[in-house]
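What follows is a set of structures for review.
In what follows, chain A forms one complex with chain B and a second complex with chain C.
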Partner chain A sequence: MSEFTVDVYQNEYLTDGAREVNAIATVVSTHGGAVPATARRAEVIVVDTSGSMGYPESKISAARKAVAAAIDSLYDGVEFAVVAGSHTAEMVYPPYSDLATASEHTRRAAKQAVKGLKPDGGTAIGSWLRKAKHLFAGRDDAIKHVILLTDGNNQHETEMQLDAALTACKGTFTCDCRGVGTDWKVAELRKVAAAMLGSVDIIPNPAQLEADFRAMAESSMGKSVGAVTLRLWTPQGAAVRFVKQVMPDVADLTGRRTDVGPQRGDYPLGAWGEESRDYHVCVDVQPGTVGDEMLAARVSLVAADQVLAQGLIRAVWTDDEALSTRINPQVAHYTGQAELAQAIQEGLEARRIGDEDTATARLGRAVQLAAQSGNTAVAELLGKVVDIDDPATGTVRLKSRVSDADEMALDTRSSKTVRVGKKG
Partner chain B sequence: MPVCPAGHSSATADYCDTCGALMSGSYAAAPSAPADPALPPQPAEPAAPAEPCPVCAVPRAGRFCEECGHDFDLGTGGAAPLTGLPAATSFGASAPERPQPPESPDPASMPANPPSDAQTPDPQTADAEDPAAETFAAETAWVATVTADRDYYEAVTSVDDLIIFPPYCPERHYPLDGTEVRIGRRSATTGERPEVDLSGPPHDPGISHLHAVLIAEPDGTWQLVDPGSTNGTMLNDEADPIPVNVAVPLKDGDRIHVGAWTTITVRRQQ
Partner chain C sequence: MNCPNCAAPAPTGDRFCEECGADLDPPVIVIGGDQPAAGKACTKCGGADFSTDGYCEKCGHRRPDPREHVELIVGAGGGNEATVGISDRGLRHARNEDALALAATGPVRITVVCDGVSTTHGADDASLTGVRAASAVLARQIRTGAKPEAATRTAVAAAARAVAGLPRTGAEWPSCTFVSAVVDEESVTAGWLGDCRVYWLGAEPALLTTDDSWAARMVAAGEMDEAAAYADRRAHTIVRWLGRDAGDVEPNVTVIAPSGPGTVLVCSDGLWNYVPEPKDLARAVTGADPLDAARALVERALGDGGHDNITVVLIPFPPADLAATGTPDQPPTATDEKDSRT
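Moving on to the complex of A and B:
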C-alpha cells in the first residue's frame, strides 16, 4: 500500500482584519516496497482511425507501433482492450465487446489485430469515451485508465454531444489524451483531459508516438491507488476561493467539488502511483483580531473512505508587520506559474485573432514569468513563438513565421509547471 | 467530546470542527455552560461568507446570532441590551467570560422542543416590545407580529366547529420591507412562498395560499389588500371582512385577523 504525506507551505500570519488565507499543499505518495500486484487495473487504448490518419501514411503506421508498444507494457493480469475510433467506436481486440486479460498469448493476439488497423471514417471522441465506459462496466474496484490518440477535430459530433459524454464518463476512469500532427484543436483535447483528470500533450512527429505510448502505459501500470480525493474542511462562515493543482501542471479543481457534509467538500484527483503533486488552496475566513489563531482549512487525502494523510492550513492574526507581510516562496511561485499558463493561453488567443498588441503584452509577461521562475521548458517553447529581447522585463517581438507545431506545443504545455528553486 | 471556546462540541481535538478555533493554548478556559450536544447542529453555509453580527461580530449562521441571540431580521436583541455586559468586540474574544445564551427561538426548531409556557416572554419577544430596546434600523420600520388569538378564535368559530385553538403557537415577527409583503401559506406545488408564511405548525386551516397583501406607501405607511381570500380578512374589531381588492390604510397597532385564529399585529418602530 502506498504511503501518503501532506506538507503545507504558507504564511499563516495575517494582519488584523485580513481574511484571505493561501497555502500550497504538497502531496507525496511513496510505495512501502514493490508495486502491489493486488490492485486490479483496466486499460483501454483508443486509437483514432479516421481517414486523415492515412495522410501521411506514416501517421497510421506510427500509431500501430505505438499501440503495440503500449500493449507490451501491460502487466500480466491487467484487463485491457484496444478500440478503433472513427465516427463510431469499433473493437480491435478482443473482437467482442469486453476486456481481455493480459498474458503472453493475448498480448501477441492484440498486436496482431492492431496491425490490421485501417484509416477510414470520421472523428467522434464522445462515442469513444462512452465505449470505454461501457467496457469498464462492472469493474468498480479497478484502477481504470484510457489512452486516447487523435489527429483531428471532433467533427462528427456536436460540442453538446461531447460535453454529454464527458459528463456521463466523469469520475469513472481517467484519460490521457495525445494529439498527433497539427490538425487537432488544443482547447478540445484539453477539455477532455481536464474532465477525465488526465494529461494532454502534442506529438508533432509520428515517430515519437511509440516512446510516448510506452511511457503512458508504464505510468498507468505504476498507479497503485485509484480514485483519490482531496477532502477540504473549512470553518463555519468560510468560503473556498479556489483549489488548483499547480504541479506537475495547472488545473483548476474548484468547480469539481462535491459536498460531502457540512463544511466538507471532495475534489477528485484520479489515480496515484509513486509521485508528488502540489495544490494551491485559497480560503476566505471570518477575520479575527490580533492574537487569534484558527484553522482555516484541513486538507485530507481520502481513498475508499479512508483518510490517508492530512495537512492543516492555519490563520494567526498578528500586529507584527514583519510577520504578516512575509511572502511565502511556494505560494508566490505557484501563483506566478498559474499566471504564466494564463498569459500564454491569452497571448496565443490574441495572436490568432490578430490582436498583436495584446499578444505581445501577454506573451512578454509569460517570458518574464518563465524566466523568473526558472521554467526553462516553457521558456524554450516561448522562444519559438516570440523573439526575446530581454527576458527580465519581458520585452518581446512576435515572430512573423511560427510553425503550427510550435504554437500548439506551447499551448498544450503552457500549464506545465516547475517546483520552487529550479532556477534555470 | 471536546468543546471549543465558542461552545461547539467538536469531533477533532486540535481545532474546533465547526468554527476552526484553537482548542487550547491561546484561550484560557472553556465556557461555563457548554452547548448541549443533543441540540440539532446548525445548518452550515460554507459557500456564502456570513455577515457579522452587529453586536458581537460573530458570523451569522441563521436568523439569530449563535453567540448573543441578536435577531438579524428585526435588528433587535443581543447580549449587550439584554445582559448589560459590554458587547464583545471580536469573534470569540470574550466568549469564555460570558455564559452561553439560551438557545435561539428559531421557529423551525421550536415545535420539536417541549411546548414552553406561552405566558413567559422569550428574550427576543420582550425586546421587540420594549420601546427602549435598541433597533439598528435608522428609519421607521414596521414589524408584523403573528400570534394565535383566542378572542378572535372564539368570535369566529362556533362550538361545533372541528377547528381547535392551538395550545402552543410561537409568536413570529416579520419586518416589513420592499414594496409589498404577501401573507399566506407556501404552496408545495408551485414553490411560491409568501413573505409572511403562515404554514405553521400549528396549521391554521382558514388561510388561503395568497390571503392578503401589504403594500408600501411612499410616505412609509402600509395598506392592506385582500385579493380575494376564501374566508376573508378582518381588521381590528370589525365583524365584517374588508372589501375584496380595496386597499385599507393601516395604523400602528392595527390587528389583521385571518383564518380561524391567526392575528397579525402591525407595529411601527422608531
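Moving on to the complex of A and C:
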C-alpha cells in the first residue's frame, strides 16, 4: 500500500469578523521504496479509426505504432483490450467483447491485430466510453484506465448523447484523452477528460504519438491505489466555496461533491501512483471573535473506506494586523495559476469570436501572470499566439497569423501549473 | 520511615535507600496544564464530541484547553510560605503558549517558565517540552548537590535538546524562550534566554534579568533610549530562544545574595508589558498572600488588555524547608480552570 501525506499551507490568522479561509493541501503518495502494490489493473486503449485518420496516412500508421508501444508497456497479468472507435466501437483485440490477460503471447497477438486497423467511418466518443465501461464490468476492485485517441469532432452523436455517456461512466474508470492533428475540439475533449478525471493534450505531429502512448501506459501501470477520494469535513454553518486541484493542472472539483453524512463531502480524485498533487480549498465559516481558534476544514484522503492521511485547515481570529494581513505564498501562487488558466481560455475564446480588445487584455494578463509565477512552459506557448512587448505589465499584441496547432496547444495546456518558486 | 520504592526500612536522615538506591525524599515537581480538561463541553456550542485532534465535531472550535488558566502551589500549608504560579491565556491569543513548572527539594524552591514563540507552529508544545525537561533536570541536579548556576546551565542544555527534537509542523521550527529561578536559603539564581524576567522584590526592588530582545539590544548598544526602543514595533522581537533553529543556547545567569527577606517574581512578558517597574510589582506583593498577589497581578494584566499570555510565579525568600512544612500525600497542585472568555 502506498503511503500518503497531506501538508497544509495557509495563513490561519483572520481579522475580527472575517470568514473566508483559504488553504493549499499538498498530497504526496510514495511507495516507500517498495515495488508498486500488486493491485489488479485493467486497461482499455481506444483508438480513433474514423475515415479522417487516413488523411494523411501518417496518422493511422502512427496510431498503430503508438498502440503497439502502449501494449508493450502493460505488465503481465494486466487485463486489457484494444477498441477501434468510429461511429461505433468495435473490438480489435481480443476479438470478442471481453478483456484479455497480458502475457507475451497476448501482447504479440494484440499488436498483430492492431496492424490491421483501417480508417473508416465516423466519430462517436460517447459510444467508445460506454464500450470501455462494458468491458470493465465485474472488475470492481481493479484500477481501471482508458487511453483515448481521437482526431476529429464528435460528429456522430449529439452533445446530449456524449453527456449521458459521461454521466454513466463517471467514477467507474479514469480516461486520459489525446487529440492528434488539429481537427478536433479542445473544449469537447477537455470535458471528457475532466469528467473522467484524466488528462488532455494535443499531439500536433503524429510522429510524437508513440512516445506519448508509452508514457501514458507506463504511468497507468504505476498507479497503485484506485478510487481515492478527498473527504472534506467542515464545521456546522460553514459553506464550501470551492475545491480545486491546482497542481499539476487546474481542475475545479467543487461540483463533483457527494455528501457522505453531516458536514462531510467526498471529491473523487481517481487513481494514484507515486506522485504529488496540490488542492486549493476555500471555505466560509461562521466568524469567530479575537482569540478564537476553529477547525475550518479537515482534509482526509480516503480509499476503500480507509483514511490514508489527514490535514487540518484552521482559522484563528486575531487583532494583530501583522498576522492577519500576511499573504501565504502557496495560496497566492495557485490563485494566480488558476487565474492564468482562466485568462488564457477567455482570451482565446474572445479571439475566436473576433473580440480583439478582450483577447488582447486577457492574453496580456496571462502573459503577466505566467511571467510572475515562472510558468515558462505556458509563457512560451503564449509567445506563439501574441507578440509580447512587456511581460511585466502584460503589454501584448495579437499575432496576425497563428497556426491552429499553436492555438490548440495553448488552449489544452493553459491549465498546466508550476509549483511555488523557491524563496528569495 | 520506609523506602517509597522498595518499602525497606530507612533511618531518618538518610537521603537514599540502602537497599534499592531510591531517593527517599525526591523533589516535588508540578507542571502547569499537564492534566487534560476532560469531560468539558465546547464553550462555543455546548457540543460534547471532540475529534482526536482536539476540535469540536459540531462547530469546529478548539476544545477547552487545560492550559487556559493554571494555578499551582508548592509548599504545604500554603500561606506566606507557599510558592505559587499562575499562567493564563490572556484575552488576545488563541492558546496559552506559556508553560510553567514549580519544584521544591529540601529548602530550595525552583521554577521554570517558557514562553512559546507564537509565530512558530507548535509553540505551545515547545514551551511545555522546555519546562518539563528543564524542571526535572534542575530539581535532580539541586537535589544531588549541584551548585545552582551549574545546575541551571545543565537544565537549559537539556531543555534546548528537548525543544530542538520537536517535529516541525509549520513553516518554522517550534521554539520558546526560557527563564528559571533557583531560590535557596542564601541566594537567588536566575537563568534565561529571551524576554521572560526575574525580579527581586525586597527592600530594594530590582530587575535581575536583561531581555534578549531587539529593544534591550538597542538600549544596551546605545542606539536608542528606552522609551524610543520600546515604542518601536520591533521592540519585542526576541533575539535568542530554544528550538531547532536557535543559535547559541548558553543561558545568561545571574546570582544575588539578598541581605533580607523578600519575594522573587518570575514572569512572562504578558505581565511585564503592563507592569514593568520593580517598585510597582513590589507594592503588589508585599504583605499580601502570595496566591492573592499573583491573581491580582494576572487580573491587572487582563484588565490592561491581556494582549499576551500571562505567567507569574512568586517565591518567598528565604524559602521554608519543605521537610519542616511536611511533604503532602497528594501532589500539591491546584489547577483551576476558568471558563473561556469571549
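Rule of thumb we're sticking to: the second predicted complex is superposed on the first by the 419 of 424 C-alpha atoms of A that agree within 3 Å, B and C clash if a C-alpha of one lies under 4 Å from a C-alpha of the other, contacts with A are read in each partner's own complex, and residues count from 1 in each chain.
Keep this in mind: contacts are C-beta pairs under 8 Å (C-beta built on N, C-alpha and C of every residue); 3 or more make two chains touch, one makes a residue touch a chain.
The structure displayed is predicted, hence computed values, not measured ones.
On the superposed chain A, the positions of chain B and chain C overlap enough to count as a clash.
When the two complexes are overlaid on their common chain A, residue A:240 makes contact with chain B while staying clear of chain C. By the touch criterion stated above, A:318 is placed in contact with chain C alone, chain B being left untouched. Once the two complexes are overlaid on the shared chain, A:284 sits against chain B while remaining clear of chain C.
Residues 234-238, 285-286, 288-289, 291-296, 298, 312 of chain A are contacted both by chain B in one complex and by chain C in the other.
The residues of chain B lying in touch with chain A in their complex are 12, 14-22, 25-26, 41-50, 52, 59-61, 89-93.
Of all residues in chain A, those touching chain C in their complex are 234-238, 285-286, 288-296, 298, 310, 312, 316-320, 322.
Taken in their complex, chain C has these residues touching chain A: 44-45, 51, 53, 55-56, 58-62, 89, 91-95, 233, 341-342.
Here chain A touches chain B in the complex through residues 233-240, 259, 262-263, 265, 284-289, 291-296, 298, 312, 315, going by the rule given at the top.
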